[in-house]
């Protein structure tokens, strides 16, 4: 997968919810190579911050040669990203990392928080997926309208019950698995959610993929910042061997 | 002279010539206290650069509470200043330093390059001044129209003769001094020009003030970055005791 | 004085209204910042490095900007201790804050002599600069050689009743050794770090940017090094530590307290924002309040090192 | 290869097409940057610190961003020398650039053993890392103790025919002493600086940010320190010096040459811009051309120190 680095022109930036933004940039080379699950690394404010920030690819428009990311303003770097407006350029490196399997015919997607970002592009790439998503409260669930065009069934939980079922997404998982038959579980979200999802998948004899996060410096597999221990003791790099792993590789 | 630091709103920024800009910001407290010859220190790009940049006060509008500076884009800091547009804020510290004498009744102003910036405000503050200005070429002499409203006679030299007399401003000085009678010489520009002006002033028994430049860190007289040796061996601070000095203090 | 007492700390016999000091060489004699600070909210003003005789400092360019930092080679320009006592101290001792005099000399007995001269009313403490990288005889050898450091500290202690703070150089292989030497010699407190030695070059003229060739690196760039050394010193000595190096905001200061500082000093950041010390004071009060900590002392040395750590 | 030969330099028996190397630990085994660099324009790839046995590196968070710099505590994770020779070297030795293996060990004879194992075809030089601050036995003691450094260098020299580059730690009181020790022990070249020791703290949890508590500071923030140390080393030894620390652009590299470097290495900057080494190469060619310099060698050590300077 040839990687490249480009000064990508910002096509649009729009706020989706409090502190959550969708940024679309023109980066044809990256758009052509991107597979769902991969990520890019953006240079912040033209190098004002030393390290690039890793962000999942949430959408690709092949025709226009654009990629979109959805991010939460959480610290200094993402704060600076919010200042970008169309016409600005943002130095973009990618596509990086591994991707979700496209061999699944009927996957169930489970995601929480910003973990839903790369899952969105995955949902777009597969024919018949369902999605189970969790969030704190209704106002954070702009995700539903983003996923609706691409998925068959959409299950929603919120911590406060203001939308969908009250509770955690993971609590609904066993029940959904009995309702439909899936051939794969694709998870991205908080680590505990993914680990529990993996466990439930295993109990149900379902293959499961998860997408991990680590602090990264290079994104290219060169610096070993993002090392992660596999179940068998081997060490892998989240930026190169991941971020997408088979759950049983990660947790025995 | 109470100094203050404010987030000054940019009123306007306009390009005067290649790489030369005039920036007007709203800073009433500084405007009220500013005397001609004083300077401000601007924080660059909200602290992206550690040290503030010292810039002479080129104009004050008391009514509007604004000050203007005229600067040349010469390095990284001034480059970033050019990005400011109206509505932006720039952290401004001032007014700093000493000022030109307002006791002169008929001063001759002599300036070169960006040294003309603080002289502009001086010209505005005195009743009957003449100005002798030097520059490389006609396109750099936007200064003439800036000074015209405030001065009686305007003498211009350019290195290439494209405007006014060909040669250095300093070459014309003796001749101008014989033409009119002045009670003070006020100089700001390249060090050699100032030193020669001071010599000629001395030869003509004219008091002379010069404005010096040094690298500065604090601008408040605290760090001793801007130390300068006086003719008598004492050490002074350009930021606090200067930038304006009597020439005979500086050169015996 | 602010009624909130949460920031009050003691360094030896010195009571600081707040644990935020101004670092030597960056704050003049305090007065220069009168328009920007409320001295009652400042723990103290550490005045510019003072020597026995007046000094002219270094020639040429004295400061250069570097990424997130700066180099200085002021070279201890100062009017000498006598002039200070006669002409400056009478004014600044009226400020409602502590006056700490930073002293430099080129021999142990000269340090002693300086201490004696400065053992006057109005001087609240001495900070022994054994680490100025900018003058040949500026004490850098005292700052890196534990034996010399010991004798300098001893000489100062013998000649003053004031609290003695020894300021350590970061340009050493092991800060624990110099920290210990100062403590053993009777220092009442340590302050660290002074500047790291660095240089910059003009690639057009191929000359050093600084007139003195090398200079001292300070500012945010050095914070990680300073924080590490403060923590090392904290693990080594029992006397209080004044932490400094790259502090620009309350969050930075909080890190130094957690690493083991009893107070902090702010240097270079005063140049970017002359009122920064006041913002740090307010920020620290807020930090304590939000975490239900009654006093800043509760923060000092609370670094929670996971078991596997060093 | 670019026809412009102005950048060709020799470090001992090693010919570098350009004097721009990739620094150890920041460039993997080179391959990772294949999409971004033309290896023929790179002086060499210094591979990740390699040890006798495989190492897992440190637990927890391994990198943190700092003002104009970063801390890392990777901790020498690597598959061990044997695995490297069998599985990685065969691939990367085909790259049209020099392969320099950075080695670490915890005893002089272990360094010797490593050197012997790596004395194979495809390895163009050894860089002896006596200064990794991130592992307890990572050689930092060899990097600060001149005697230990001498014996490590000697042990490596005895066991290899390859050029031996000794990489110095900046965490010392006097770099001249370690530089001299390495030269005396037969080092063919020096490289400096490795990272400065630093730390960062999370003020919410009051824990160190890095899993290993402390880490190594690199990036633009440290450039002034690196430049100073390279210049000090240059004044002290006759063997060639590879300068590094905070280089992000050709202008930075030029400063190192002027200070005395024969070649430079780029580390942290590769993270901000994976093609930065190529830009530096082009920038240096331009710099030479504009000043009518026939070769980069003409720049090395040309610092013009005004007479009054140190």
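Each chain carries a letter (A, B, C and D) given by its place in the written order, and its residues are counted from 1.
Throughout what follows, a contact is a pair of C-beta atoms (placed from the backbone, for glycine too) under 8 Å apart; a residue touches a chain by one contact, two chains touch by 3 or more.
Not measured: the values here are computed from a predicted model.
Asker: Among all the other chains, which ones are in touch with both subunit A and subunit D?
Answerer: none
Asker: Let me spell it out: compute each chain's centre from its C-alpha atoms, then which one is farthest from subunit B's centre?
Answerer: The most remote chain is A.
Asker: Find the geometric centre of each of subunit A and subunit C from their Cα atoms only, then give the gap between the two centres in Å, rounded to an integer.
Answerer: 47
Asker: Rounded to the nearest whole Å, what is the centre-to-centre distance of subunit A and subunit B, using the mean of the C-alpha atoms as each centre?
Answerer: Computed value for the inter-centroid distance: 56 Å.
Asker: Determine the centre-to-centre distance between subunit C and subunit D, using the mean Cα coordinates as centres, and give it in whole Å.
Answerer: A distance of 33 Å separates the two centres.
Asker: Residues of subunit D that contact two or more other chains, please.
Answerer: 66, 68-69, 219-220
Asker: For subunit B, jot down the residues that touch at least 2 other chains.
Answerer: In subunit B, no residue touches at least two other chains, as defined above.
Asker: Quick one: which bits of subunit D touch subunit A in the complex? Just the residue numbers, please.
Answerer: 25-28, 32-33, 35-36, 48, 56-57, 61-66, 68-70, 72, 74, 77, 219-220, 268, 270-275
Asker: Help me check something: in the complex, which residues belonging to subunit B touch subunit C?
Answerer: Against subunit C, subunit B makes touches at 2-5, 43, 47, 49-52, 91, 93, 215-227, 235, 240.
Asker: What residues of subunit D sit close enough to touch subunit C in their complex?
Answerer: That would be residues 59-60, 66-69, 71, 136, 144, 171-174, 196-201, 203, 205-208, 211-215, 217, 219-225, 227-228, 231, 246, 251, 254-255, 258-259, 287, 302-306, 308-310 of subunit D.
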